[in-house]
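Each of the next two complexes has subunit A plus one more chain, namely subunit B in the first and subunit C in the second.
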Partner chain A sequence: MNEVLQKLNEVFCKVFLKNDLVIHLLSDASNIEGWDSLTHMMLISETEKRFNITFTFNEIMAFKTVNDMVSAIEKHLGR
Partner chain B sequence: MQFISLSFLCFLLTTWVLWRFMPKERRWQLLLTASLFFIGFSNPGALLVLISSSLLTFYAGLSIQRFPNRRRSLYLFSLVLQVSCLFLLKYIESGNGGLYFLFREAGFREDVLLFAVGFSFYTLQHIAYLTDIYQKRSSPQTSALRFLLFSSFFAKFNAGPLEQTNRLIPQFNIPDQQPAGLLEGINRIALGVFKKMVLADRLAPIVAGIFNGSAAAGSAATLTGVCLFTVQLYFDFSAYSDIAIGSAKLFGIELTENFDRPFTAASVSEFWRKWHISLIRWFTTSIYFPVAFRFRKQKYLAVFLGIGITFLVSGLWHGIGKTFFIWSLLHAIYLSYESLTKQTRIAWKNRFSPIWYNGMSILLTFLLVCFSNLFFRSANLSEALRLLRQLASSPFGGKGPTEGFLAVLAGGGYQEALFNFFLTISLMFVFLFLEKRISTWIRSGSYAFLQLFFLLLLIFLAGVFKHADYFIYLQF
Partner chain C sequence: MDSDDNAPFTRRFLTACEQYPERPALIAGSRIYSYQELLACVKSVMHLVGETCQPTMRFGVVDQNDCHTYATFIALNLLGKTYVPINPRYPERRIAVILEEAQIDKILSSVDYPCPGCQVLQTGNVSEADDRPIVFPGVVSPEPAYILFTSGSTGKPKGVPIFNRQLNAFFAYFLDKQNYDFTPDDRFLQVYETSFDVSVFSAFSPLFVGASMYLLPRMGFISLEIPQLMALHQITVVSMVPSILHHLQPYFNQLKFEKLRYSFFSGDKLYHEIVEGWTITCPGAKIYNCYGPTEATIVCTDYLWRQPQSKIDSLHGVVPIGTLFPDMQYLLLDEDENEVSSGQAGEFCITGPQVIAGYLNHAGKEKFFTRLLNGKQMTFYRTGDLVLTNEQGTLLYLGRTDQQLKISGYRVEPGEIEFALSELNGHKLCAVVPVSQTGGMISLVAFMEGAGDEQAMLAELRRQLPPQCIPKQLVLLEKMPLNMNGKIDRKELLNLVP
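And then the complex of A and B:
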């Protein structure tokens, strides 16, 4: 698991209050219980705080999978 | 032109035959002509408004991209214009006075004043189109006529499903329709007619008896009537969507599915992912996410604000009045509560037997939705309050079960009325329990002719022909 995915996993565990939650690049709302439009914004806010970045509105609208989030984070981190 | 009418059947048949024999590259032009005829046939005023609104949106989209320095003001101007027209025309339609009164006094005929037919649906699509261009998520369309077809396409004009240009316009170029798709389309239309004429229109008088107060009902009959309204609304609107999707399929066009068995939802948020899917997607993308994104640092406050504003706008879109406001407030409360307790509920789910937990959640969700729909259906607040008083009264209104329950719901309880009542309820339960299988069967295309024969037989045997009602959602 790469560093960004690992840190993002911690964010998911915090937002979904589930310490044993393991995410993969292909994880999406259909296989993570509780991930919907209501929790999505909490996830965005926590992710921004954890990585000290700010997503654009278009970026968050395009997030469909964990991979989309990882790609956007890496872009903001300049990797 | 009503979907369930001889004129629509003739229109559909003629259009399809012409479309089939038309050169493939010109088929979209035929669809445009047919769609404009479909709208102008019964309401020339609506056609005028549609063309003006579509052209305005089309050129606004081009201008937003062409003039980067003025894109913000162009977008805002178009948005304000569309929203103002939407509320103005809805206000005219509601007939509360104001502009409507002035127009009527000036000698305009009332049927010509019903400009707003379909307006509220295609306006939402126009707003989404301009927003996508403004936020650089998509490029403007380059053909005004194809854009006009997008706005006016007869299958979805009156009440959706709401579509996106990027998804629908490329389909106008798909020239061929496979025979299997054609049969699926015909069967989907037959399914819609069945849901409307056999289920929704049979439930309509039972529901009307309770809501109009023509029968003195106790709490048991009132609760049943209120619950049956939600089922009626589902059959009515999903029937409309089935006919729309089936009609489009005849021309090789796939419209968005609007319902996904909403009565199996185990939470209100899940219910909204299964009910009027295309409209909810619009509200989520256009209102909820922008609001919640702006306030995202405030966490729960962002979610509450997003939900509150989304349902406030949704309530206003459905109608101007206290009952719609209460309906939207109730859903904002339901969803805010669910947002706050999401993880606790997941923990409960894991602690209890999943069958029991899910079963109870589905029942509770259904009752909460029915309770909100009491306000949605009531003509005014005093009618809603009367129903609430009835819900708090004795189960059978001080009478026996036959007189205080059956007779109230079954139009007096005479033999024929009782037979009709039990037939309606039985058909309703059978359909709801077998809905997934029926939908899969219809879409599978196997035994297509048998399916069609079976549906037509049921429609002729159990359909309501005398008092076929308008589709409920056409009023929005």
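And then the complex of A and C:
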């Protein structure tokens, strides 16, 4: 698991209150229990804090999978 | 009472069809239904119902978020029958309780919908070019127009029967008394599930004035879909729960809704500061904060937000709920049922043409009482909300007198969840507490005494209760903390949240 995905996994564990949650690049709202509109916005907020970045509205509109989030984070981090 | 008061509230739709047959009535994705087409769907459903189940008075209608769902509501209303919206997101057991409480054995759905013990009639196959005349029932129906179910603290949802006279009173305020100037050029966004009563405003206001109703898809994330569709379709009227603003707040400076004329909020506390930010996105919009329990038919107060007065009017940063609609009246009562003195807070008890006389099957009788008002016995509903008035007579919302919560605008009774949990674990002590999350959002954490499989119990809860009632986490405790009075110490539980 790469570093960004690993840190993002910690964010997911915090938001979903599940310490044993394991995410994958293809994880999305259809295969993570409780990933709804409310938790999605919490995920974005916590992710921004964890990586010290700010997403644009257009970026968050395009988030469909964990991979989309990882790509956007890496772009902000200049990787 | 004028006999017309209880005439089908959707008669206004027929008038709009006569006036604007070619105009777009309902837009679902890329499909645009004109008033003429929507009326044809309505007629077809009326004929289907008339031909196959004439004596049946109550029907479940599965909310498939499509043209046929709304056509079915209108058709049943015009026929003098009662509809009960069925939310397909709800677990089977919850739906079974609703059907049992409402004594329903016939369901209408636009697509296949398995429902054991019920006859399911498909409305999706009806002709959209039905030009047969409508045959209306000869007498005004004494039945409710619809029945909605709210969370009940006793573990059973309570049925709220809403009659045409209550809906006619509501729409008279919004559409006839020129408080709002909705026109056929307006484009409304309908964001609510139909099990939530504000949907009746969002769906039927446009259809009664010749305007267009855009349906929000139920796929994706609602908080993001709303601004996207508002921009795409240049929406002019939208009603939302305040939590959507909390989600969008970080992006206000990237959003622009130039065409928005009316922005309504209801269902929860609306904070002044967040509205200030929202105005940047919609500089031309009038912003209203509305309030109303389901028992008083959609909403029964409104408050026009404006600077600088709203900042002065707001209490603890919360925008006032405004004033009651003109035909409604209220009392603010203390714990001994006496009216509070001027400027003091009391339980908001309301009466008037929009207030129901009681729940279905005589449930929750304690929530209603009668009192002589201006020489007339009036039925009051105890809202459970703590309210006070300022010097101008504006109503200010303070909070609940009980533990009821609002999650995404839905009423949630922790008692109902606790009841369901205790059933799973031999009636051991359990408690559900709200936990504040990022951006003022609330999630639920459940605590239970004893041992067991937390995930299995949460999975069982998901089979019984609607999504907004499912705790994010279940914590098992060896011993439940109790206070001096032997009651569960909920404050202490907040310290135990992981």
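Odds and ends about this structure:
Here is the rule we go by: the second predicted complex is superposed on the first by the 79 of 79 C-alpha atoms of A that agree within 3 Å, B and C clash if a C-alpha of one lies under 4 Å from a C-alpha of the other, contacts with A are read in each partner's own complex, and residues count from 1 in each chain.
Simple rule for what comes next: contacts are C-beta pairs under 8 Å (C-beta built on N, C-alpha and C of every residue); 3 or more make two chains touch, one makes a residue touch a chain.
Nothing here was measured: the structure is a model prediction, and the numbers come from that model.
Legend: residue contacts after superposition of the two complexes on their common chain; A:Met42 is shown touching both subunit B and subunit C.
Of the two partner chains placed by superposition, subunit B and subunit C are both touched by A:Phe57. With both structures placed on the common chain, the touch criterion links A:Leu17 to subunit B and to subunit C.
Within subunit A, the residues touched by subunit B in the first complex and by subunit C in the second are 16-18, 34, 36-38, 41-42, 45, 57-58, 60-61.
Within the complex formed with subunit A, the subunit C residues making contact are 221-224, 227-228, 243, 246-247, 250-251, 254-255, 408, 437-439, 441, 443, 445, 467, 470, 472-473, 498.
Here subunit A touches subunit C in the complex through residues 16-18, 29, 34, 36-38, 40-42, 45-46, 54, 56-58, 60-61, going by the rule given at the top.
Only residues 135-137, 269, 273, 284-285, 288-290, 292-293, 296-297, 299-300, 302-303, 306-307, 335, 338-339, 342-343, 346 of subunit B touch subunit A when the two sit together in their complex.
Residue ranges on subunit A touching subunit B, taken from their complex, read 16-18, 33-34, 36-39, 41-42, 44-45, 48, 57-58, 60-61.
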